[in-house]
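In this document, chain identifiers A, B, C and D correspond to the written order of the chains, with residue numbering beginning at 1 in each.
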């Protein structure tokens, strides 16, 4: 299938290009970026920051603008657009009949738009049918969550299903790649912690609640529980870590129950053979010093969710840490997995 | 006054030497370390890691062992001993009539030993009178808390006094200097987070509760509230940060009440003129990205407590971050301030 | 004396403010910055990145533009301007009769402008008399060198004076603060080395040669020797390190000769009592692992030059490393020392 | 083929295990370590620091000591032994008829032992025939060079062959993984540069000269040129960078000649199909900010040599930087490539 990339020169755009270079189903045929880059060869428009080589055929492609006319002929687009422009551009493409698989936040909370993590809420895909961008339903938008909501929702899913959730307190330690490029100034973060990330904390409750919501007849019914989040930036490269304490709805006899819920979680897409799906979705570490961003973020091609330090809590019921690669599982890789599920479910075709 | 240093070649010992080099009251006259170092010149026994020069007169001093006979003639000793040897050595010195101001954990929870932060619980000093190391009371031990309990207890003191505390959830981001030297291997922490620090979490509840306890007739009555702590190591040099969420005992009308309690906290030693006391004990930052270890840990000679992000919480009542220099305020500097208070209160004399 | 700061909101401007806050001779009375900042309170115009508090009286000062009329009443200005605007602004101030002590590169190689390191070439000050910005000589410009040329010229001065220099090969490892703020993106430098710094290498030969040149009758006669420099960026905060191998003009009997030349170097300003001058100009480390940026860059208030690993070389004659604080000794601190010398020599008066 | 690992729990040993886990020719059947580890399951004896999972079948293997009797049945061993014990252990195994492919330094300069980089000096293999560990030639030792000598010798090989070398000045910026685990203390290197690495500089001249030497009739004739090296440690994870300036034996008309020599270098093992050989041996970067350890050390599975900044020098003839993964290309990966060549050449058989 032919795919286009919106925001191709940005950090997320580069990650799409990297992850798609040997993809068995998808081939990049169009690269869209800002006016400043349009008309240039990609290699001249981009400041390539990935630690693999820029693929040759991408390097020589001419970057276009992000108008629908520039994406005629693609089967769908991935969007790594900045939120300042995503509402209009993504909407225009959807209206032009081009499916948009977006990493931008703009449409995430739109009640007709699936906020999708395939292993968590694959049935939410059906929301697409409620979208009205085009009369024939050919143009639509699917989004993936914020890079903290992704690991958090995967970690919480088996816990929520088994015990229910009444309250959540978490502190995150987020990697510099989450801010894009140039992003965080080195003078701000080298040997430092910054105890605030603009716009991050307010996304966590609504996005995880939409993800854990149940779908029925075109409507998501979301659980409501209070969430207190403190998001910090630390000098790690990739992998957002969260330290989480949870109040459960059911009484717990012992931590072993939670371990079993996590270990026995039935991954709903396990049998679908999606190329980007991790073999083991959740890795629950017994080693008390694990998970660690540097050791584990890249495992299973950056698509695995790592949990550790699962224990009974002195306050509320349980505590754990969870971690996933923020620009793969938490962004471009998650979007690609969304596209793969959409293909399998028949929403995307040549 | 003449002072000795126990564990003089270790990281805390080095910090004592650095902080005491121009101290108006105290002069180092004896340096004790392990058998391996005893008999050597200090400069040949130490791997000096401080970012100021090793003072010349210290460099040439001969290191002794840690037996009481090696500390005859000192007025008291500071102890930066490792906990594996502190129980015996500190006890022996106290029995020999030498006051010990210790940073080691061994005697902290002993009911006759003051666990002291001068601005938090100066009246606990009177516990000294209940000690029985010597018949005449000449030998005794005073301790300072763990490097997380120090900033946490200072931050909590005005809150506890005003509102009471019913529960506490916190996640720490601790600097590498907290593990001493060589301490944390660079391969473990460069660009990484380690979500566990051995022995750290269990100290936080008992130490902060002893600190917040009320003294009467030789007995500390401690508050009891559950604490859930997750301690992590991050690649910062100095300054332990904690992200804290608190359930208060009283209902809160608004966050402004808490701000006022913090800002109006009456520092009980403010008027004593102790050389190492910070002019401003608690700095409550309004800038949302503050405090930061790199920018603020060294302020007021590393003796200030920094708070920030004070806000109403969605779960429980309030959240904030707090941070202080872990090896100064949280270790050697705190011990020196303890000694200064003990001098002022008449417990230490030439 | 009343001083103004040009480029007051930038990284160098902030360093001027920090270093001048308790200066015995100079008081800041005017802050100039770009149009974007002019009219605002300094605290609202600046992103303060220093690890000391922004002084209160500076915080409330209104930032002006950089026109001469905004600096009426100051005795002179320090310039931390970006090179893109320094030629015109600094020239305009000089023409308006205001002395400019500049850290910008624009006038460094102008044959009438002293490129000044007080300990290296104090007699070059007399070049001021050849400047023609004003008829009465009241307006003039003095510059300090690039942050690599400063430590290199100090390290080379005793060697050049004693043995002459025929060739120089060096590799630098430069701190992130050298690029200003926001400067180096964290994604570029965390756990990385970047083996190129734009515009850096070509400055090293001409600036060090002008500094080592001899002044006579309004003309500098410069030595000429080839220099091969490779400038790299490493993840250090402050302190540019250089690894240097030198071919001397005279034959060397042994490395001890060079040690003596360095240790016996007669600092020409040692007796002048300049407030910012280091007590010991050159610290030659014997410890083979020294100097190190983290341990030594801040010593003597960041104004000391550190040398180490001085040894005979297998190729050419000698090798050593040298290091100094790049934004203090190598920028704002150097400019302040220049101003102090100019006061002492009678060039600056109330 | 069945292989054993000597020093299996150390950093190099772990890298052998990681790199061999899916190797098409070699299967690990024995793990040797110190007495302290012998008898334990590998997972209980090791502090696994690789960022991939410890393979399950290795985790459960019982670690043995390093005596020859523990390696009966293997076809050969890889050695990641510490130099303090390698002389005896490796010698004993060779005497017992077990070929040893070693990363240790002990036998590197032995005139009968090949110091081997397959792309540089494959013909040196024949030195094996001069070894006398066993009468029938069944036991022998082959070594790979130090982790700086490896990238340097590859970068120099085409230059040496085309122009000859008369002198070399270099400064290295070496990654922390080069010191093993726990290796460099984080307090020594976080935000720092250490301008000395024990034992490193003296290896560079003899090892690169032996590598560039010509083999004839059991003897290596080595070139002799002076080398002045300064080896520094920087806070990077993997990838040793060197900044090199070279005096050539032939006059150079232009830098283009050198580019061509490098680009046209005929890799002598290009056609052999060795599994661990990089497809492109030398990548000469045109982008002036490249190579960078973080972006390029892992490329081609860590087996590629990266050059950049190739230019005419003001002193001597040319300068460049070169970089390769120090624990793969410069250690375990290099040893595995050596073994693959030895298989292909018939020195190793089932």
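The definition used in the following text is that a residue touches a chain if its C-beta (ideal position, glycine included) is under 8 Å from a C-beta of that chain, and two chains touch if they have at least 3 such contacts.
All of these numbers come straight from a predicted model, not from anything done at the bench.
Between the interfaces C-D and A-C, more contacting C-beta pairs are found at C-D.
Remark: chain C and chain D have CA centroids separated by 42 Å (rounded to whole angstrom). One inter-chain figure worth recording: chain A and chain C are separated by 47 Å, centre to centre, where each centre is the mean of the chain's CA atoms.
The multi-chain contact residues of chain D, meaning those touching 2 or more other chains, are 49, 190-191, 235, 237, 294-295.
Viewed as a network of touching protein chains, the structure reduces to a complete graph with every chain in contact with every other. Interface of chain D with chain C (complex): residues 167-169, 171, 173, 190-196, 205, 226-228, 230, 232, 234-237, 241, 243, 245, 247, 288-295, 308-309, 313-316, 319, 321.
Across the complex, chain C meets chain B through its residues 49-53, 190-191, 237, 294-296, 298-299. Those residues of chain B that touch chain D in the shared complex are 11, 49, 176-177, 181-191, 235, 237.
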